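Dropping a structure here in structure tokens format, bear with me for questions.
Lettered A, B, C and D in written order, each chain numbered from 1.
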Amino acid sequence: MSLLRYSAWRVTQALPVLVGIIAITFFLANQIPGDPVEIMLGPTPAQEQVEAIQAKYGLDRPAHERFITYLTGVATGDLGTSIYYDRPVLEMIILRLPVTLVLMLSAFAFAIITAIPLGVISAKRRNEPADHVSRIVSLIGVSTPSFWIGLVLIIVFAFHLGWFPARGLVLPWADPADVRGAATRFEVLRQAAHHLFLPMIALGTLQMAQITRIERSSMVDSLQGEYVKLARAYGVPESTIVRKHAFQVAQLPVITIVGLGLSTALGGAVLTETVFEIQGMGRLIITAINNQDYELIMGTTFMFGVAYVVGVIITDIAYAYLDPRVTYGDE
Amino acid sequence: MALGNTDTDDVPAEGADGPDEGAGEVEARVGMRYTLAQVKRDTTARIGIYIVGFITAVALFASIDYYILDYAIAEAILYDPESDPDTVRRLLPPFGMENQFGQGVLEHPLGTDHRGRDIFTRLLYGTRVAMTVGFMATTIGLVGGTLIGAVSGYYGGWIDDVLQRATETVYAIPFLVLVIAFMTAFGRDLRFAMIGVGITAIPVFNRLIRSRVVSIREEDYIEAARAAGVKDRNIILRHIIPNSFAPVLVQATLQVGVSILIVAGLSFLGFGAQPPTPSWGQMLSVSRGYMLPAPTFSVWPGLAILITVVGFNILGDGLQDALDPRINN
Amino acid sequence: MTEPLLSVENLKTQFFTEDGTVRAVDGISFDVHEGEIVGLVGESGAGKSVATSSILRLVESPGEVVDGEITFKGETLFGLEEGPDGEPQPSEEMLSEEEMRDDIRGNEIAIIFQDPMESLNPVFTVGGQLREFIELNRDLSTKEAEQEAIDMLREVGIPDPENRYDEYPHQFSGGMRQRVLIAMALACQPDLIIADEPTTALDVTVEGQILELVEELQEKYGTAFIWVTHDMSVVAEICDRVNVMYLGEIIEQADVDDLFYDTKHPYTQALLDSMPRPDETVEELNPIKGVMPEAINPPSGCRFHSRCPEAREVCTRVHPEPRTVAEGAVADADAPTEAAVADAATDDGERPHTVACVKYDAFDVGYDSSEPLETEATGGFSAGLTDTGGEADD
Amino acid sequence: MTDELASAGDVAEGEPLVEVRNLKKYFDNDSGLLGGVDVSTEFPFVERSPTHVQAVEDVSFDIKKGETLGLVGESGCGKSTLARTVLQLLESTDGDIYFKGEDLTELSGEELRTKRKDMQMIFQDPQSSLDPRMKVGPIVEEPMKAHDMLDEEGREERAKELLEKVGLDPQHYNRYPHAFSGGQRQRVNLARALSVNPDFIVCDEPVSALDVSIQAQVLNTMRDLQEEFDLTYLFIAHDLSVIRHISDRVAVMYLGQMVELADKEELFENPSHPYTQALLDAIPAPDPRAGGRTAVLKGDVPSPVDPPSGCRFRTRCPSLIQPEEYDVDDATWRDLVEFQRAVKRRAFETTNREELRRRYFDGDEPGGEAGDVLSEALGHISQEEWDEAETLLTESFAEQSVCATEEPAYEIDSQYGDGRHYAACHLHQGIATASGSDAGVNEGVTSDTVADETAEPAD
């Protein structure tokens, strides 16, 4: 199987999961007590008004019919209309999704860039001081709530030291005209990085810690592989062994963990966006829930699911790329 | 540092070669007694036990004080302006407290919150919520995940496929979003938080149990039991479950920590324990409004969460080392 | 006689574990001459593999070479001298770690491991791995090394080597992978190849292919081999000279024909008697009684005495060092004349036949007058089978 | 104890206890909801292409009461699968298995479970065949418990007795398996299998994980027990020495099929299938003065997903039979076959006709029809058209042979003893006493037992 066909095959496999996500959110949204119409029109609306609204959003029809309608809608790219904002859900998401993606990607970049060296050093210098430090860092990393890290960072770096802003985010591709205090593209980028720094660390710490742990144990295993012994027996320098022979094999479990970490990180984004008052997908879904805006709830949850599934497929393909056994295996 | 000696997982079976390598070494150490002895020998695991034991004791104390004594002890020790002076007075004599009205024996060691309540007391009470939710959610995840994983792994085929797609779907929705949606649908109270977090733990245990079952099912001793004519039910009860126990125990320990983190996050967003029930996440949520004037207000509940979760994590790591069949002295 | 290629003197390797010191290799000595195949044979736990990794100084923690001297073509691979504080320290002549890596491992001494499935890195192409080792150990450019790798693959019988060069290990069968490992060893043009149970994991027909190939290539390149195995049949087929190991010691050392036809040590004899044979129907097997004791706590005196059918009281006290009991060609009283005839045919009749067993006159410790011992081996059918590893648990 | 254990079976000594007829076992490569679904580049972009491994293909044989039938073959030849299928631990794809006359393939789950009392199994890996979390006593008692034998005390007593019988100390009843060495664990396995007093035990490579000296101990014990408890063994091994020692009759498997079956002495002294011959030739003997091997089998075993037609061994067979349409001498024919296989394996790189002629045909190309084909193929090769050359040679030579067109199954005369000798090789076409190809019954063969009506292996 070629890599391309393998990828296509993975995408096909993901479809049932997406339908499942819609089913779950549809069911949950349906369960939400309270009448959205009431929220829109106040406690004593006129009967005609209610009926008009219900007809507009299809609320007068039975649940299974609405589910089918919704499903076909999703298939054609229509996620419905937000009751509260009275705007298409998709439009709202397109507005907010990039913010969350920027946050997520930078957090993962931070996590991977710090975790891999930490894990490798830890494995190579097992039971030496460097290893202990790295293990304590990762232990604390997996044990600390991300939002608390955010709060502490804000107190220290924003309030006391004043190095970074405490709230908000600037998108790197924003129009300089819309960004206060920025006249040039470079200024915008600088501000974006400036704003991004604290939330990135708050969100990325957990991932960093998890990846360090798995990188360490995976490297330890790999360094004991028979092929490493063989390389030593053929006089390959220790640095090459670590960098090449042991390293690539050791990345396979790491990739899996990165893929699984996406779900946690997306959830963490909700908290990070709250702490840093960033208007991303996380805030959107909290607002939607508070307003019982169930079209929006379904839409955003679905997008979270899509983001996760896409991420997992990418990691799967990366795995297949690194491990020849996956794609050539069934020949 | 204590982390030092946890790392015995990879001493290779040297000194032996040939087909019968290291007979009697791999899988050599079994049985509850051995496990406990091993855990006790492991410094890291011991620290984990102390932390978890301490937090559990505090949680028990807080529960007794809450349900049976109606806050009496806490208030006797630490003054709380919102408490009812009568209760305090009623309970004072047996405890031999000198103070007559309201004032606790200790000043506020960690200060008071925005409403003048003692932070230390509220932290102590927070353990109750954290531990209850942690244990209950883990139990729900464990039971649900074990059932699904065992059925899935043992029967295989389309049952496996359907169940695995379903749990994958649950996993695909970020934990926090799923629990929030769940609580919005069913009610913003602690019970639903527990159930919600429990549901998110199901895929984790399912994945673990299923892979265990699938690999144990291939072991020769399972086939030997089948060849001997042992009933399926007995094979599951007597061979598969006992042999899956170790990694599940480790995961469950870690999962308590994870659940505590998730519930703290929920409370922070206003979906966890509702006021006035003290919970760490909710304290953090409130503290956001006072970050400038009272930064320490944010620090204490966070540290409480950190220490508790660290406790569970190192206990889990220690157990893993102790139960690892690869350990070979 | 010429200088040996490799000379191992009194090598001791120990593992320092929580339960105590495991003396995996306990004072073994043997030589390997140019172009010969020397067998290192023994059952599991005999210390064969540890001995070979000690030669390349590749013993991993908690193991350590603690004593002995290893010389290879005049260079000291391992040697100790007394330090200023009286403690032994690495001698001056001993090669540094860098020298071992750059000049010895791969270039001069190559190794083939037992498990061809695990020895190749799964994420790199077979050719790439081969090329890397060639580049490292011979002064060839990448291009030349690649050509050499392809030629070598063809040489060891890999069909269609140009295309298979770019394939991954999982696309090769077990036998083919073992061929790749042989190609790897040969391509570096070493003078000595250590083959650690290279055919144990393979099927008989594949084993046959590999043995045939090795014999052919050995003739062509004249490389010396240390062939580690537990299989006496393989020894008989491929080795020139054999060292029999038991519990970390070499208990018998002889030319292959002497070993089989003029067997001296009771253990070697027992091993041969316990084997079923493919070429004749053996009605009754004579197993060696009991199990091998643990290396952590070996029996006193002769380590084999607890299982030896000829053990006497003196065997529990006296620890025999290997001694020459017969020059290669000397026909002993219990050696059939045909052995002597065959010996004459072997090229080197001068190599001594050494044995570590006190029953021979060379030891003169009063074996004959000693009381026969009641051991497991002299007991009944089930005796002794109970007295084993389980003890550690109580 | 011996009385209690005396065989309760209704099959007389020497009668077939187990009769396997045309047994097939296929494995699906893909399973599950989306298994076997593949993405394609054409509409509808998804296709289902299930493949299966033909692990056991049409195997028939008997196992007589009280004997040891050795089953030998290389890894992946299907011997373990066959053993498990005979015991119905794996569901058979097709064929029948009669145990004491009852067809196991038609029994329901519970009926089969009850039947397991009479047929037990011993596994290869002494490490993993005992539950590490169970003590030895309960392990031995488990089968008795499953079949409601005796009461608690009786079971314990019997377990201890059995431990002693297999050469262990009954005091070890309360120990965990890890406290035992490999050989001892294999003895525990024996005790467990014996606990329910079975008639038939399948031994799947029971000694191959053990050291030589321990191997002999276990083999001796197994023999003693067979005598004492009147057991019938199906003994699987890849080691011909062990097979020669323990078996009464020996069956040889190659790529899922049985290629030869005969009495031990007959099989080892008069091997009649080229594969058996190659196998025997390949094993080294513990004797430095033994002659070297004559010819080594080349190439790898083909994939069981798409096995060769006719005789499955034909792609590696040194004695491939010449098709009738060619008329070259035997030596030239062997050269042609050799060359065809060399092309298939791309074993050489030169395209020089002269050199190839020298290397494979002593400088002399054969004439006639075969020569024409060869000439054309050499032409292709000089053009670097490897695939064309391969196809041409394979289609003209290898696939024209009777070995490729017909499945062989013959009975030949035994030269040692008077047992039957089955050899699935077309070389015996002319001299065979009976052709097994019409399956089922054939009575033209003498046998010890007059009542022996069922056939020896046949397809």
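General remarks:
Simple rule for what comes next: a residue touches a chain if its C-beta (ideal position, glycine included) is under 8 Å from a C-beta of that chain, and two chains touch if they have at least 3 such contacts.
Computed from a predicted structure; not experimentally measured.
With centres defined by CA atoms alone, the chain at the far end from chain C is A.
By number of C-beta pairs in contact, B-D leads over the other of B-D and A-C.
Inter-chain centre distance (chain A to chain D, centres taken as mean C-alpha positions): 54 Å. Rounded to whole angstrom units, the spacing between the C-alpha centres of chain A and chain C is 56. Taking the mean of the C-alpha atoms as each chain's centre, chain C and chain D sit 33 Å apart. Within chain B, contacts with two or more other chains are made by residues 12, 18-20, 23-24.
The set of chain C residues touching two or more other chains comprises 43-44, 230, 389-390, 392. Contacts from chain B toward chain D in the complex involve residues 18-20, 23-31, 156-158, 160-162, 219-221, 223-231, 234, 238-239, 242-243, 325. Remark: chain C residues 56, 58, 100-102, 104-107, 110-111, 113, 115, 118-124, 132-133, 136-137, 168, 170-171, 181, 184, 188 touch chain A in the complex.
The residues of chain D lying in touch with chain B in their complex are 31-34, 84, 87, 89, 113-117, 120-121, 123-134, 142-143, 145-147, 176, 178-182, 185, 189, 192-193, 196, 208-211, 214. Chain A contributes residues 16-17, 20-21, 23-25, 28-33, 126-127, 131-132, 135-136, 139-140, 142-148, 151-152, 154-155, 159-160, 220-221, 224, 263-264, 266-271, 274-275, 285-286, 289, 292, 297, 300-301, 304-305, 308-309, 312 to its touches with chain B in the complex. Of all residues in chain A, only 225-227, 229-237, 245, 248-249, 322-325, 328-329, 331 touch chain C in the complex they form.
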